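Have a look at these structures, which come just after this line.
The two complexes that follow have chain A in common; it is paired with chain B in the first and with chain C in the second.
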Partner chain A sequence: MKFTIQVNEGPYQHQAADSAYNFVKAALEKGHDIFRVFFYHDGVNNGTRLTTPPQDDRHVVDRWSELARENEIDLVICVAAAQRRGIVDAGEAERNGKDATNIADGFRISGLGQLIEGAVQSDRLVVFGD
Partner chain B sequence: MPDVKKLMYVNRRAPYGTIYAWESLEVVLVGAAFDQDVSLAFLDDGVYQLTRGQSTEGIGMKNFSAIYSALGDYEVTRIYVEKESLEERGLTLDDLQHLTWEDEDEDWAEKESIRLVDRAELADVMSNQDVMFNF
Partner chain C sequence: MSILHIVNKSPYEKNSLDTAVGFVKNGDTVLLIEDAVYAAAKGGSVAAKLDGLDVSVLGSDLAARGIAEDRLIDGVSVVDYSGFVDLVEAKDSTQSWL
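Right after this comes the complex of A and B.
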């Protein structure tokens, strides 16, 4: 089955990001396809490489990057939500005159159309959040 | 792209306490370009999103309530409001904005967008959807 995943909450504050990660991992292990993981609302905070959790805790952001690297998963951060919350890649920095970037490896910033496309193209849209 | 899918946006939160309502509306507006079969549902505190006479002056936030009345122009013609959610909050349809759309097939006749449904009816409508967006 082909899945698109929507993550609506930030890391550590909320279990949604952990549950989404575990779901994606389990789905891949069962041979399913992940068309895309779309990060929306505070979920965009899953994609900042500046995250530094204590060493005895899981690293939510690195975990996503690793998953993307190993399985070629498309991790997409909503541009409008990212702009509000300060998630920046090189293109966004240039467009909006910012002096830094913070996007983590394996993530890209794009529009809400990517969410709709994922929902239409996949067999299931699975949403993680409240 | 596969055939047209039935997309429902489910709105369950009050408009300004969190950003979910506003960012949900942004998805609806962008999603309109995909020519899918779209409907919206408002239940729980989500019914407050449609109330008339909203003012955000005191909280310094953008008042986006006027956008609901433009949804007809985005071909959003079915807006389900859950009857029990209104009643539990002491609201009636008169407390909500009057939302309409123009039917191209009937010489642009103005039609009601809001459909008042009870919990069981809304469950039926939901079970017929292909995709549910929850906000």
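Right after this comes the complex of A and C.
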């Protein structure tokens, strides 16, 4: 079965980023496909590579990047939410005159249409958030 | 159309469980995750809200909050993340009551 996952919450607000990650891992282990993970609202904070959590803590961002690399998962960050919160890739830096980028490996910035497409193309949409 | 109603807020803090329960139809399942697992504790003042419903609760979130499985309301099923995935697959759609 094909799933799209929506994450509305940043890594350190409550538990949604962990719940979503654990769900995606379990789905992959059972042989399901993850069509896309869409990060919306404060969920876009899952995609900055500049975070440095303590070494004995889980690394929420790297964990997504690794999962995407190993399973070719499409991690999409909502552009409007990203602009508000300062999540920047090369294209956004160029377009908005920013002096740096911070997007993590495996993530890309795109529009809300990607969420709709994910919902349409997948058998199930599961939303995690606050 | 069966629905998996996913609730993640403590019923002692927010009213999302109430809202969800109001929409539950025959064939639906309520899955309690994160702080919503408190709703499944036996003797809680909200336990009666779950009477007669098909209720599952995420085991790792129970354990994280120190609620032993023998302290749950009768009839509540404990699932792991694999069981969570199975529930999503088994129902026609999901609704997260955030």
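One rule holds in what follows: the second predicted complex is superposed on the first by the 130 of 130 C-alpha atoms of A that agree within 3 Å, B and C clash if a C-alpha of one lies under 4 Å from a C-alpha of the other, contacts with A are read in each partner's own complex, and residues count from 1 in each chain.
One rule holds in what follows: contacts are C-beta pairs under 8 Å (C-beta built on N, C-alpha and C of every residue); 3 or more make two chains touch, one makes a residue touch a chain.
Just so we're clear, the structure is a prediction, and the values are computed from it rather than from any experiment.
Undergrad: Could you tell me if A:E29 is touching chain B, chain C, both of them or neither one (first, second, both, neither)?
TA: Touch partner of A:E29: chain C, not chain B.
Undergrad: For A:M1, is the partner it touches chain B (first), chain C (second), both, or none of the two (neither)?
TA: Touch status of A:M1: second partner only.
Undergrad: I'd like to know which partner A:L125 touches here: chain B for first, chain C for second, both or neither.
TA: After superposing on A, A:L125 lies in contact with both chain B and chain C.
Undergrad: Looking at A:D74 after the superposition, I want to know if it touches chain B, chain C, both of them or none. Which is it: first, second, both, neither?
TA: neither
Undergrad: Is A:S19 contacted by the first partner chain B, the second partner chain C, both or neither?
TA: The second partner, chain C, only.
Undergrad: Looking at A:D105 after the superposition, I want to know if it touches chain B, chain C, both of them or none. Which is it: first, second, both, neither?
TA: In the superposition, A:D105 contacts neither chain B nor chain C.
Undergrad: Would you check which partner chain A:D62 touches, where first means chain B only, second means chain C only, and both and neither mean what they say?
TA: The answer is neither, since A:D62 touches no partner chain.
Undergrad: Which residues form the common part of the chain A surface touched by chain B and by chain C?
TA: 8, 125, 127, 129
Undergrad: Going by the contact rule set out above, which residues of chain A touch chain B in the complex?
TA: Spelled out, the residues of chain A in touch with chain B are 6, 8, 40-41, 80-81, 84, 111-113, 115-117, 119-121, 125, 127, 129.
Undergrad: Show which residues of chain B lie in contact with chain A when the two form their complex.
TA: Residues of chain B touching chain A: 1-2, 5, 7, 19-20, 23, 26-27, 30-31, 33-34, 36, 131-134.
Undergrad: Mind listing the chain A positions that touch chain C in their complex?
TA: Listed in rising order, the residues are 1, 3, 8, 14-16, 19, 22-23, 25-27, 29-30, 32, 124-130.
Undergrad: State the interface residues of chain C toward chain A in the complex, per the touch definition above.
TA: 6, 8, 33-35, 60-61, 80-82, 84-86, 88-89, 93-94, 96, 98
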